[in-house]
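As structure tokens, here come the structures.
Below, chain A partners chain B and then partners chain C, in two separate complexes.
Right after this comes the complex of A and B.
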């Protein structure tokens, strides 16, 4: 028993779980303990993760197993490059979000519990990241889902609606994962997937060469599809994305920035990559499906995002749209694409988390999440503005920020397929980036640069920056810059080694694409040179602005027919109308309207048609005893008829 | 020790009559609750003691100790036949069997009954003539223990009837229009089922000349599956399927279970449909009729239809107790499905059949815990808010933290969320189905798990979360005794899954139960034929 406690992976996870329990128990008395414990848990995971990452790959012993007869549900860990990335990333997000919540959640009646849930969700993410068996992965996976559900339930009135939808969709995803894992044990699959493993063992095929899913026949495709559903629902790709906007609208911003924006992305894409690298090699058809899902996700969600008036909803649609790049990258099946997709996973977690935090600060200052109600915040919240602008540039793929690098890798991956399809995907992806930029222009203008609305002017004028809320955003924005300038930190040290065993040429391909070989090949990208050039360009712009701004501009109050005093608001441009034209385009209009009404919402479809079946069934239960007795008789007759006929035929 | 086994049945039955007498003594009516609680607690202690004693005799490995007791003078031995003047085996006698399966069931029944009686101490205060409740409650508990101990078909029938009679009375306990109607429906359908069970037993008796399960099994082994045997099997399976509320025999349950007072709903859904339904079917198929592919197929069909239809109907409910009742149908379907697959696997893959049976029994155990818990919570909620409609609730976690969190734990358990117990039994069943290569059944089991999750998300969304509605605003936390009853069960939900990996739960409770079930006829017959030790 004692060696279990010395397990280098189990120890921090148990410690984190214990932290959560302490925070929960003390949550009624004081939230301060929870704050400290959340920070401590995050730091503990980061430190332990760093130690683990130093000696990758470690072979971890079996921690314990729930054994029933021959079936064994083993709890076992495996330290991989990717796993460490997920674990450390989750720890870092926990620290940042906890810091942000010091102020952001202060005074909420459930503040203490929030930290407990945050800590437990971190433990779940660590379980997934360092899982060495499917059973361990499943435990962590579901733990994160439940914590998300419990956290989303709080928040503004009506939050429980989004929470229920989220849990419905993610619970479906969890069941798919469970079913896929169970089916891997079915006869005919188990032996091929896990050579050397006993059939009754839910072990993750550790570092085995991935199988071609088709080689297992229909059941192989079924398992692959189920794993795909689980991963994509967690990450939030179309058509399983609808929980994200539903949850975003009323949930506390700390929760959105922590789980759907950061951890769920890490976990979902991690599973997708883990499946692609360890379990199933996608064949051509599946690549096609994956890439199509990715492309549709990018474009559909970004259009929806452009139409939104609620800042958090808008961000949540972007959170969906960005998943498309990751899925597209991993779907290409090339080293470039997979590395790009995984790097995009990390980058997206960083800037999307930062954007959600920005939305929280802005919403607090303006007293509303509606974009119309904001304005003029750049002067009051300069740090938030700069951080938000950096994150917005990163998400739109503007060089030299991190989003550009990972998108570049994904583009290269699509191109390296050398097929017409790859080119189409490339065009869609680039177009999606442009629309992303367009939608963030609207956000930045409306929230920060436009005139403040009259009603909220006093409130906005009183807004101030606050250290604990600004610091996490600064760190995240700095992350966008650093990873943009020095992508090698993650790509070369973590991602390339992670895919190397399966795709041996990864290092050269990625190297030639990102760092530029000596020759001047097309497709190289030198972040530092670009950065210098961009800075020079901006400086030039500033100089020009200085020259022209020397001319005095005359500012007058608006007047009509010589009369002053027309409502100030008539001349205010809130920015939400920027893309009304797009909304009215003949081909797009019906599509967008359907989208807004939930045409792509599988949850709603299930509700509608499932509801029909249920009502039909209910209508049969009239309460008449004679009818019920008739059912019993029919049932008995059926049982008897079957027994007698089957028995007769047999004898 | 084994002489004490009949006390398990006798104590609650005796206490039931004592309660009735006590109620008519001056000043005694107030003490009936204490007497009933004491009797149930003593029974639980006795059950645990006997379990520990028998577990001490377990041989390492598969074999668990089996005690058989002949109650009264009916020792089941040979007697002189007056007509022919020859020695023959006495066909009747009251045999009680204390094997792995029955001791597991006794522990489950006594434990849940204990939690329920603790809860009802405070809950039943709003009713008059509570002593009637206590009498019927004890009768039902004693009869259920009798069912699981019976080693003889006719005693099985008698105890099923006693339990059913008590439950008819308890469903009608509120004596409002709705309750009486539900009780009448339940009565009519229950009597239909009972008569078919009796017909089935009569046919078996006429074929074999025996009523003792082990001896009938031995005799049937020679007869095989003749049409007469299949006719008997059909009557028995159909009748017991009604007791277990399998679709299409389920129609009485959604009226009867919600109409009873909450503690009784907990007993009915948590225990009664399992002891007189699932357990009896399992004993019958594995221990009497003998495992045969046709029986396995009937069980699988019943299980699947109940899982799916029960789940769908529960999803559409807005009445909390009706929703819980329909979900019981669906969850009982899991057990019957797993038992059916176990039966179909037994002839050629005993290990895997053992896994299926283990999953079914563990799910039975878990469902007894969380469904009773959920019904108790529904009672506590109804008492505090005066409504059963989900739409009229909201924000209960904030108003009633103990009830709210117990309800949350129950909901997460039944939805199959780790680390609660329901997750473990469902994953065992689903994995066992996959291992057996029953891919379609595996998919159905997973899909029903999603549906179950959805319906309990609905419960949580409308009842527990959100803003407190007008009815909830004035609600206060229930009496501490009700909280204690719920907390006991919630603790079981939280710990049973984890206990599976470390404790004696697997070694001495569930493991021997599965083995006793699969060993079925052979194991029991060895004992009975050998003269009852």
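Right after this comes the complex of A and C.
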């Protein structure tokens, strides 16, 4: 037992699990303990993660094994660059979301339990991040899914529908992961593996030579496909994305910002990257499939997002769309693309989490999540506005924020394939980012800059900033700026070493574009210099304005073609009408309508046709004993026929 | 290059672009006047306009967010200046560009219209809001064919996203991208996209004086309007540079190269002016349809031709 407690990876995880248990036990009595424990758990993970990160990559010794019949399922850990990024990132998000929830979740009947779930989800994320065997990974993966379900289930009335859908899709994904793990143990695979190789006795080692998927035959491809489904569903790529918008509408914003926006992205893309880097070396077909999934995800989801009028739903579609960039980047198989995709994973978690928090603050102030009910909040919530604008610029890839750097790496990765396909991907990705910008222009306009509707005006005028809700947003917005200006902090220190063993030219390729980011040497892009220059330009304009404009300022009534009544709703232009023209475009209209009705929703298709099968079967239950006997006879005959044909009954 | 040197280069490029932009504005007005059988303004008219605006009082709408409303033109100016500097650098020295700077320029060029949209939104005027929504839709409309067209240049110069290398490649054996079928098609698409980026007729729907009373700019006056005027002028001076770098061989610092560059530059400027003087304004749905259903297939065709040409070694394709 003491050995288990001495394991440097298991120790923090066990501690976090214990924190969660304490928070759960005390949840009925007081939520205050839960708050503190959530902060403590997050900080504990960050600190322990930092210590672990000092010695990467390391394969830890076997912690223990769970015996199931003849099978022995190993629990072991491995400390990798990516794992530390996921672990420390999850800890940081836990701290920020817990802080936001001090106010954001205050007064909810399940506030105490929320912190317990939050802490346990953090433990699950750490298990995944530092997993050294697929079984450990599976344990953490399941833990996070269950916590997500429990948290989503508690939102506004009607939240259970979204929660059930989430559990349906993610449960399917988890089943795929389980099946993949089971296949790894099958004789056809296990017999071909050597000790030290990935998947040998479920190992997921820190330093592995990836296998060629083809070397295991068809079963190798099956395992790869199952792992892919698990990773993509968790991250939320098309067509396994529909749980996100379904859950977003009624779930508490703290939950959305913590799990689907941050942790699930980190975990899903982490698995995708580990599979691509450490388990299977993707071949050309796989790259093609991944890149296509990425491109479709980017464009389909962003069009859907643009048409949404519910702020949380809109954000959830963007949470889907951004996954496309990561999948696309990793799918290129080039060092630039993979590093870009992984960097985008982190960046997306930062700004998307910030945007969800922004939507929570805004929704609270306006009393509604519909953007037509909002307006004029820039005056009341200036900090939220600035943070929201920074995050919106970052997600749209406006330089010099972090989203731009990672997208820029992904674009270069796609183009370095020197093929028509890479070019198509590049165009799709750039266009997707223009569409992203468009939908955030709508959000910023509607929520912050447009005039509020008359009936909501009094409520909006009373809105005030609150420290515990604003501080996490400020931290996340600062993250967008810092990672945008100094991307080498993560790219150079974490991501390049992570891909270096598999793609030896990574340092050279990425270095030729990213090392320069540090110093701004000639011939290389320095975001910091660019930032200084752009600020210089803006300052020039401001100085001009200061000299001339602020001398004589007069506040006037805006021009309405001679009409009065600017305060009235008839002169208010809500943001909902911004893209009606685009919506009515000949080719797009039917597509968008089908999309809105769930044409891309696998869950719905399964529901419809699965329901049909169930109804057919149910119709057979007539209660007539003779019918049941007839079915039994038919079944018996079928079994006999199979056994005869298979040659079991010869003797 | 050290940081002070970079800053000096940038300031020189910004100032140069400003002067060139005002000259281009004058050129535009003069050509317009000639088309309309008028004499046109004297050469210093744009400068006089800016100076006059700078000394007017600043009107701020009561419904607006003052800070956002006033700072938006400054943001547009900063981004335009940086984009201009990043285009001048590879023109004069091919080493003046860095890996992937084409993408940075594309993104920087989105910031001025974005600032316009935010400024318009912050004014609280319904006319400006209509204008802002049109401006955003216009960005969506032209961005797709524009990127596709630039891609043709990228393919022609051997898959590089570096402007300096693109220019160097075109000055070498391969010749300018424009001197090929795909290059011509791409150039046509790009010029029309540039027309929209500049907010010139037939794509001036965000302003549309006679419909929504200058739309995005309806509440601007005095010095902030002067800033908008300046950044628009700089954009007018900058965008032909991008076209020349990507499609038309950049600038060769030789006895024949410099006049050739000037000729190309003036030709592009004249073309933009002539298009604006000979076409009526489109409706927003027509504009979106024009770019997505008209120009995008054309740009795709150009890209496919360029790809085929690249693989088969047919540089004329």
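Convention: the second predicted complex is superposed on the first by the 578 of 651 C-alpha atoms of A that agree within 3 Å, B and C clash if a C-alpha of one lies under 4 Å from a C-alpha of the other, contacts with A are read in each partner's own complex, and residues count from 1 in each chain.
Criterion: contacts are C-beta pairs under 8 Å (C-beta built on N, C-alpha and C of every residue); 3 or more make two chains touch, one makes a residue touch a chain.
Computed from a predicted model, the values in this text were never measured in an experiment.
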{"item": "Partner chain in contact with A:466 - chain B first, chain C second, else both or neither", "value": "neither"}
{"item": "Chain B versus chain C as contact partner of A:408, first or second or both or neither", "value": "second"}
{"item": "First (chain B), second (chain C), both or neither touched by A:635", "value": "first"}
{"item": "Touched partner set for A:500, first chain B, second chain C, both or neither", "value": "neither"}
{"item": "A:172 touches, of chain B and chain C: first, second, both or neither?", "value": "first"}
{"item": "First, second, both or neither for A:142, with chain B first and chain C second", "value": "first"}
{"item": "First, second, both or neither for A:430, with chain B first and chain C second", "value": "second"}
{"item": "Partner chain(s) touched by A:72 [first = chain B, second = chain C, both, neither]", "value": "neither"}
{"item": "Chain A-facing residues of chain C, complex", "value": "1, 3, 6-7, 10-11, 14, 54-65, 68, 70-71, 73-75, 77-82, 85, 95, 97-101, 103-104, 106-108, 110-111, 114, 117-118, 121-127, 129-130, 132-133, 136-137, 139-140, 143-144, 147-148, 151, 154-155, 159, 161, 213, 218-219, 222-224, 226-227, 284-285, 288-289, 292-293, 303-304, 307"}
{"item": "Interface residues, chain A side, partner chain C - complex", "value": "378-379, 397-399, 404, 408, 411-412, 415-416, 418, 420, 423, 426-427, 430-431, 434-435, 437-438, 441-442, 444-445, 449-451, 512-513, 516, 520-525, 529-530, 532-542, 544-545, 548-561, 566, 571-573, 577-579, 581-582, 584-587"}
{"item": "Touching residues (chain side chain A, partner chain B) in the complex", "value": "64-71, 73, 138-139, 142-143, 145-146, 149, 153, 157-161, 163-164, 167-168, 171-172, 175-176, 178-179, 182-188, 199-200, 202, 219, 222, 610-611, 613-615, 617-618, 621, 623, 625, 627-629, 631-632, 634-636, 639-640, 642-644, 646-648, 650-651"}
{"item": "Chain B residues within the chain A interface of the complex", "value": "184-185, 188-189, 192-193, 196, 224-227, 230-231, 233-235, 237-238, 241-242, 248-249, 251-252, 254-255, 293-295, 297-298, 309, 312-313, 315-316, 351, 354-355, 358-359, 412, 415, 417-419, 423-424, 427-428, 430-435, 437, 439, 442-443, 446-447, 449-450, 453-454, 457-458, 460-461, 465-467, 500-501, 506"}
